[in-house]
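The structure under discussion is supplied below as C-alpha cells; questions concerning it will follow.
Letters A, B, C and D name the chains as they come in the text, with residue numbers starting at 1 for each one.
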Amino acid sequence: MRNPRLYPLLATIAIFIIAYAICYLQFPYILSTRVAGNLLTDNAYLGIVAVGMTIVILSGGIDLSVGSVIAFSGVFIAVMLRDSGLHPLAVFALLLVITTAFGAAMGWLIYRLAMPAFIVTLAGMFLVRGVAYMMSIDSIPIDHPFFTSLQRVYWLMPGKGRLTLIGVVMLLAFVVGHIIAHRTRFGANVFALGGGEQTARLMGSRVGRTTVMIYAFSGLMAGLGGIVFALYTGSGYPLATVGTELTAIATVVIGGTLLTGGAGYVFGTLFGVLTMGLIQTYIVFDGTLSSWWTRIAIGVLLLAFIVLQKGLLRLTTARSAA
Amino acid sequence: MPAAVKRILPQLITLLGVMVLVSLVFPDFLSIDYSDGRLVGPVIDVLKRGAPVALLAVGMTLVVATGGIDLSVGTLMAITGAVAAAAIVAGHGLVLAIVLALAAGLCAGGFSGFLVAVVGIQPIVATLILMISGRGIAQLITEGRILTFNMPGFAFLGSGTLLGVPVPVWIWLAVTALAIVIVRRTALGLLIESVGINRRASALAGVNARVILIAVYMASGLCAALAGIITTADIRGADANNAGLWLELDAILATVLGGNSLRGGRFSISAAVIGALIIQTINTGILLAGFPSEYNLVIKAVLVILILVVQSPSLAGDLKRLGSQLSRRAPRRSAKAAPQRSDR
Amino acid sequence: MLLALQSLTKTFVGMKALDEVDFELASGEVHALLGENGAGKSTLIKCLTGVYRRDAGSILLDGRDISPDSTSRAQALGIGTVYQEVNLLPNLTVAQNLTFGHEPRRFGIISPRAQRRRAAQMLEGYGLDIDLDRDLGSYSVAVQQLVAIARAVELSGRVLILDEPTASLDDREVQMLFAVVRRLRDRGLGIIFVSHFLDQVYALCDRITVLRNGCRIVTERSDSLDRVRLIEHMLGRELAAQEESEKRHRRSAPLAGEPLLSFAGVGRRGFVEPFDLEVQRGEVIGMSGLLGSGRTETAELMFGIRRMHSGTVSDAEGDLRLNNPRDAIAAGFGFAPEDRKTDGIIADLSIRDNIVLAMQARRGWLRRVPRAEQKRLAADYIERLDIRTSGPEKAVGELSGGNQQKVVLARWLAMNPRFLVLDEPTRGIDVGAHAEILQLVRELTARGMAVLVISSELDELIAVSDRVIVLRDRRQVARLSGSDITLENVVHAIAASDEHREVSA
Amino acid sequence: ETVGFSQIGSESGWRAAETTITRQQAEKRGIDLRFSDAQQRQENQIAALRSFVAQGVDAILLAPVVSTGWDNILMEARDAEIPVVLLDRRIDAPDDLYMTAVGADSVHEGEVAGGWLVDEVGDRQCNVVELQGTTGSSVAIERKQGFENAIADHPNISIIRSQTGDFTRSGGKEVMESFLQAENGGRNICALFSHNDDMAVGAIQAIKEAGLNPGEDILTVSIDGVPDYFRAMANGDANATVELTPNMAGPAFDALQAWWQDGTLPPKFIQTPSTLYTQADDPEGEYQRRKDLGY
C-alpha cells in the first residue's frame, strides 16, 4: 500500500476479520446471515451516531450529548405521536430540526466562548436529558400504525437473516458520512480544523461556520439515531442510552480515527461499530459470564483491539520506512 | 494583589455568586450551628459532600495539565472502596485496609499512565478501558453486593469530625495543600506544564515525559483512592455498582470551571478545587430547594452553562472591546489591549 | 497605488507592536519589509490579512477601503500570504493543502483526480518531485515552505505576501522562487517580501521599507539605499563596531590532542548511512548539503532522538550510550532543533521557564533551580542575545519568530554543554542578532566547547566553521578543512555527482 | 433444556441476589442457563434476546430494564416459538407476546408500606420525607404511586419532601442529610419512606449522625428486605420493610417445566407475595437467613 494514511483503516478491518474468524471457530453459527443481520440491526443507532461523532472527532472536538439526544428523541417522538396527532414523518422532521439546531447552538457556544467541546457538550448532555425528564419521566410506548409498519420493514436474506430498514439506514448514513468527510469542502474544513485551528484559520478556513456545522451535523445524526432507536425499541424513555456517547467514541477510536483530530476514515468507524457489536455478540453466545466478568471482558477485549491495532500500525510503518 | 489570588478570583466570585443564588431559594443556607462538638449547616455539608469531587479534581488537574484526561477515577473509587472493605471484612486492620486501597489506586493509575505514556494510547480511550472494566473488577471483589463492614476507625474517615469539622474536609484540605506544595515548591509543576504544552519539545530538552505522564496518572489514582475511601467509610460499605458513578465528569467539570485548559499547560489546583465546591454548592442547593427531582439535571445544566458563559475569556474580551470602543469616542484614542482572535 | 495602509496601529498587552505605520505597495513592484526581530513585520502582515484586528488605521486596495476581518476575506480579495511559520496542515495531503478552499468540484463533490491535476499544475516550476497524495507532514520544512509558497501564489490575484519565505530554502530553491516572483511582478502583482537576507532583498526588491519598534523609519528605492545605511536604519545606530566584528575572521587551529568525542560507524538503516566523525575540543564543524540530504537526521541520531542501528560514540572516558535525549544531555550534549515551533519552544510558558527547562530537567524535579538563579539567567540571556520582550515573564509564543529562536539558543547556552548541535541556528534572525550569534559561537568554542552547525546559508557556514562536512543522499561525501573551506569548494562538493568522490579527504 | 436469561445488570445487591438464586435454581433443575448481563441498557437486552433466538434456546427469561419497547423482539421470539417469561418487572405489551410474568406488584408494595405507616401513626400529625428511586424508573414511579394511594385518605400524613437518591446507599445518605438540614435539623420529620432498603440504610446513618434516633424520632419504612436493613431493624434503627423476593426464577422455572411436560399454560401474572416485616418479626433471624444469598 502506497499511502500510509490508510494503514489504521486497514489494520481495523484486518483485526475485525481475524476476530470474526476466531468467533467463528468457537461458535460456527456466528457466520450466519441471521447474526450478521442482527449485528447491523442492533447497532444501527450506534453506527448512525458514530458517523456524526467521527466528523466531530476528526475536527478535534468531541460530542458527549449524543446519548441524551437519542433518549430525548425517543421521548419527543412518543409524546408527539401520543398528544399531537401529527404524522410520524412530520414528527421526525420536526425532531431533526430541533436536534440539529441544538447541535448548532453547542457549536456556536464552543466557538464563541472558546470553551472546550468536552465541557460544552457535557452541559448539553445534562440539559437534554433533563428536558427529556421534564417531558416525561415514564417510558411511553409508541403505537402509531405507520410507525409500527416502519418497524417491521426488512428484507429476508438467504439463511433467514433479516436486513432491517434501520440497518440499511445505518449503512446509508456511513455512505453519506464518507462523502461529506472525504469529498466535500466542508469535510476538508473539518480535517483542517483537526489539524490545527490556528493554521486552518490562516489558510482561509471559516472556523466559526465550520464548528457550528460540525456540531449541527452531529446533532442531526444523533436525532436520526434517536429515530432509529425509537423504531428499534418502539418506545420513548428518558433513561435510555446512558453512556452511549462513550461507546460511540470508543467505536470511532477503534475505527482508527485519532482523538486529537485530523486523521481518520468514516468507514473505519463502521468497522469499529461492528467490532463492538461482535464483542457483545460473542459474550452473549458464550453465556457464562457474570455481570462483572462481562464488564471486565469488554474492557479487556477493547484494550486488546487497540493494542493490536497499534502493534500492526507500528509494524507496517516500520516496514514502509525501511 | 498576589498572583495566586488573582488566578483564583474568577472562581471565588463564581462560588460566591452561586452561594447567593442558593441563599435566595434556601435562606438558611449560610447558617452554621455548633452542637455536640461539631459544626452543622448546609455550608459544612457542601464542604463535606464536596470532598470526593475535590479530591478527584486535584488529580484530574494534574492529568489535564499534561493534556490528558482521566475517565477512570469514578471507577477507581469503586475499586479502592471495595479493596478497603474487603480487607476489613477479611479481618485486616485499619492501616492495612487503607494501605491496600491506596496501593490499588496507585497501581490502577500506573496502568493508565503506562497505556498513555508507553503504549501511546490516547488518554480518553486508555482510561475509558479502565472505566468500563474497572467497575467489573470492583464488583468481582464485592461479588455484586454492598460489602458492609463495621469498623468505627474506618468509618471515622467518612463521617467523623475533628475539631468540629468533618474529617473528609480535613482530608481534601490536606491533600490540596500537599499537592500545591509538591508541584509549586519543586520543579514538578513546570515539568508537567511543559510536557502538557509540547511533549516533543520537552523531551528534546531532556524532560522525562514518560515518567511525568505515568506519575500524574498515579497521582490521580491516589486521589481517587482517597475519594473512594471516604465514600466507602461514609456509608460503611463498599457499593461497587454505584460508588463514584459518573463522578469523573464532575471532576472534569470542576477542573474546567477552575479555568484549566483541557489542552494542557498552565494549571491551578486551588482553582479546580474551588470548581468542585461550586458544583457541590449547586448540587446541595438543588436538594435543599426541594424542586421535584426531574428538574435536577436541567437546573444543573443551565447553571453550568451560565457559569461557562460568564467565565468565558472571549466574552470578557468582547466586553473590553466594547468598552474601548465607547471610550474611543473620547478625544484621546485609548489603545487598550484589544484581544486578537488568535489567542483562542 | 495598489495597496495602501494608513496609520496602522496595533497594541498587544503592554506594548505597541505597530505605531501609526504607513505603507504603500504599487502594482508591479516587489517591496521589501525589513526590520530587526520584533520590529513588527509579521504583525503588520497579520493586520493586513485580517488575522489580527487592528486598533486603528485603514487599508485601501485600489483606493477602496477594505477591512478584511478574516483570512478567507483577504484571500477572496486576491491577497495571498505565506506566513512566517509554515502554516499548512500536516495532516492533509500535499494536493489537499494546495487546493484547500478552492477544490475542484462537481455537484459539490470534490474530484480527487482533478484536485491532483490542479495541484500538480500549481507546483510546476518549483522543482519539487513529491508524492501529492502523501501527508504534507511527512516532508521537510523546506518542502512545506515551497508548497505554502505555491499555494499563496495561486491565491494571489493582486497581492502576494511572503514573510521570510527563504529562511529554510537553499540557493537552488531561492532562485526558483525568485523566478516565480519576478514572473508575477511582471504580471502586475504587488509583492511584499520579508527577509533577513539582505543579498536576496537587493537581488529581488524594487523598494524597501524599514520598520523599527513598530514605527516606519524609511521607504526608499533599493538602488538608492546602500547596505550600510539600510542596516543603520534597521538597528537605529551606527554600524562601525558591527562591521568590525564581521571582519574579524578567526580560524585558529582547534586545540589539538585527544578528540573530545568520536563517532564511529554511527548510522541507522534507511535513515543515515554509517559515518565516522571525530570532534575536537573547541572546534566548529559546519554541516552542509542540499535539502533532504540528511543533515537534520544526522543531528537527531547524534542526540539520541532516534536510536542508532550501528556504531559507537565514545569520549575520553569510554563509550557513551545515547538512547534518548536525556542520555545525550547527561553526556554533555546540546541540540537546538531546526523546527522551533514543534521541537523547540514551549509556547505557553514564559521566557524564563523556557530557558531553565533543560537545566531543570537535568537536575531532576526535586531540586528546583532557585528562583533568583532563574531570574538571573533569564535577565542575562535576554540581555546577551538581545531578546526583544517586555519582560522575562512573557510567554514565548508571543515573541516574534527570531526572538523565539534566541530563547531556544539561550536554553542550551545556559546548560554550558561540551558539544552543541545547532540546526539552522540563525533561521529568521536579523542582521544584528545574526552577527551576535556567530560571535557567541566563537566565544563558546574559545572556551573549549565544540559546536556542530547545520546551515543552509553557505556564507555563514564558511565564516564560522573550522571544518565543513558535506552530505548528499544521507551520506557524507566530503570533508573540507582549513583553507579548503571556500564557497566554491563547498558548492562543488554539494553538487558533485558520484564521480567526483575524490573531493572527500 | 437451555434457557437464556437476560438480566438488567447488577446495579444493586438485590439484583445480585436475584442472579445468584436464578443460577442456583437452574442448576438444581438441571437447566443450562445462558446468562447475559445488559449493563442497565435496553438495547443490550434486545440484542441479547435476538442472540438467544438465533441460538435457538428453549426458553427466555427476561428481567426488563424498562416497561416499553419489547413488542418487536417478543414477536420475533414468538415467531421462533420460544416462550418468554418476564421476571420481576412487567411490561407494556400485549400479553400474548409472553408466557407469563413473575413478579411483585410495585404499586402494591408501596401500598403495603404506606398502610404500615398509616396504622403506626394513627391520628398523629406526620410529615414524611420520601427517598425516590432513580428518576424515571418504573419501580420508583409505582412505589411512589402505591404509597400515595395508601396515605391519600389520611390528611394527617403528608409528604413534605421528595428527592431521588438513585437507589444507592450514598445517595440516600446525602439526600437525607439535606432533608435534615432543610427541616429544622430533622425535628419536623416524623417518618421516612424510602423506595428501597439501600437508600434507607444510608439515610439511617445520616439520621444517627444528625444526633437523632432513627426508628424512634424518625420512623423508617422501606421496600426490598435486604439483609443490612434487617440488621438495622434488629438494632432498633429501622421499623418496617416490605419484602421483594429475589427468587423469581423458581416460579418461572416451575411454570416452564409444567409447560414442557404437559403444555399447561400458567396464568399471565404470577405475583410473588409482598410480605411486611416489622421489628416484631424476628429481624435478626431474617438477617441470618438472608446474609448468604448474595445480596
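The rule is short, and it goes like this: a contact is a pair of C-beta atoms (placed from the backbone, for glycine too) under 8 Å apart; a residue touches a chain by one contact, two chains touch by 3 or more.
Nothing here was measured: the structure is a model prediction, and the numbers come from that model.
K.L.:
Which pair, A-D or A-C, has more C-beta contacts?
P.N.:
A-D
K.L.:
Going by the average position of its CA atoms, which chain sits the greatest distance from chain D?
P.N.:
C
K.L.:
Roughly how far is chain A from chain D, centre to centre by C-alpha average, rounded to an integer in Å?
P.N.:
It comes to 34 Å between the two C-alpha centres.
K.L.:
Take the average of all CA coordinates in chain A, do the same for chain C, and state the distance between these two points in whole angstrom.
P.N.:
It comes to 44 Å between the two C-alpha centres.
K.L.:
Report the inter-centroid distance (CA atoms only) between chain A and chain B in whole Å.
P.N.:
Roughly 29 Å separates the two chain centres.
K.L.:
So, what's the distance in Å between the C-alpha centres of chain D and chain C?
P.N.:
71
K.L.:
Mind pulling the residue numbers of chain D that touch at least two other chains?
P.N.:
Counting only residues that touch two or more other chains, chain D contributes 9-10, 16, 19, 135-136.
K.L.:
Give me the residue numbers in chain C that touch at least two other chains, ranges are fine.
P.N.:
Within chain C, residues 51 contact more than one other chain.
K.L.:
On chain A, where are the residues touching two or more other chains?
P.N.:
133, 137, 198, 201, 290-292, 294-295
K.L.:
Throw together a list of every chain pair that touches.
P.N.:
The complete list of chain pairs in contact reads A-B, A-C, A-D, B-C, B-D.
K.L.:
Touching chain B in the complex: which residues of chain A?
P.N.:
Answer in residue numbers: 62, 109, 112-116, 118-120, 122-127, 129-131, 133-134, 137, 197-198, 201, 246, 249-250, 253, 258-260, 290-300, 302-303, 306-307, 310.
K.L.:
Which bits of chain B are touching chain A when the two form their complex?
P.N.:
My answer: residues 69, 71, 115, 119-122, 124-125, 128-140, 144, 249, 252-253, 256, 261-263, 294-302, 304-305, 308-309, 312-315, 341-342, 344.
K.L.:
Okay, in this complex, where on chain B does chain D touch?
P.N.:
For chain B paired with chain D, touching residues are 26, 28, 33, 35-36, 40-42, 45, 49, 139, 143-146, 148, 159, 231, 234-237, 239, 241-243, 245, 284, 287-288, 290, 292-294, 296.
K.L.:
Which of the residues in chain B end up touching chain C in this complex?
P.N.:
Checking each residue of chain B against chain C gives 185-188, 190-191, 193-194, 197-198, 200-208, 265-266, 333, 335-338, 340-342.
K.L.:
What does chain C use to touch chain B in their complex?
P.N.:
Residues in contact with chain B: 9, 11-14, 16, 46, 51-53, 55-56, 303, 305, 324-326, 329, 335, 337, 342-349, 353, 356-358, 360-369, 411.
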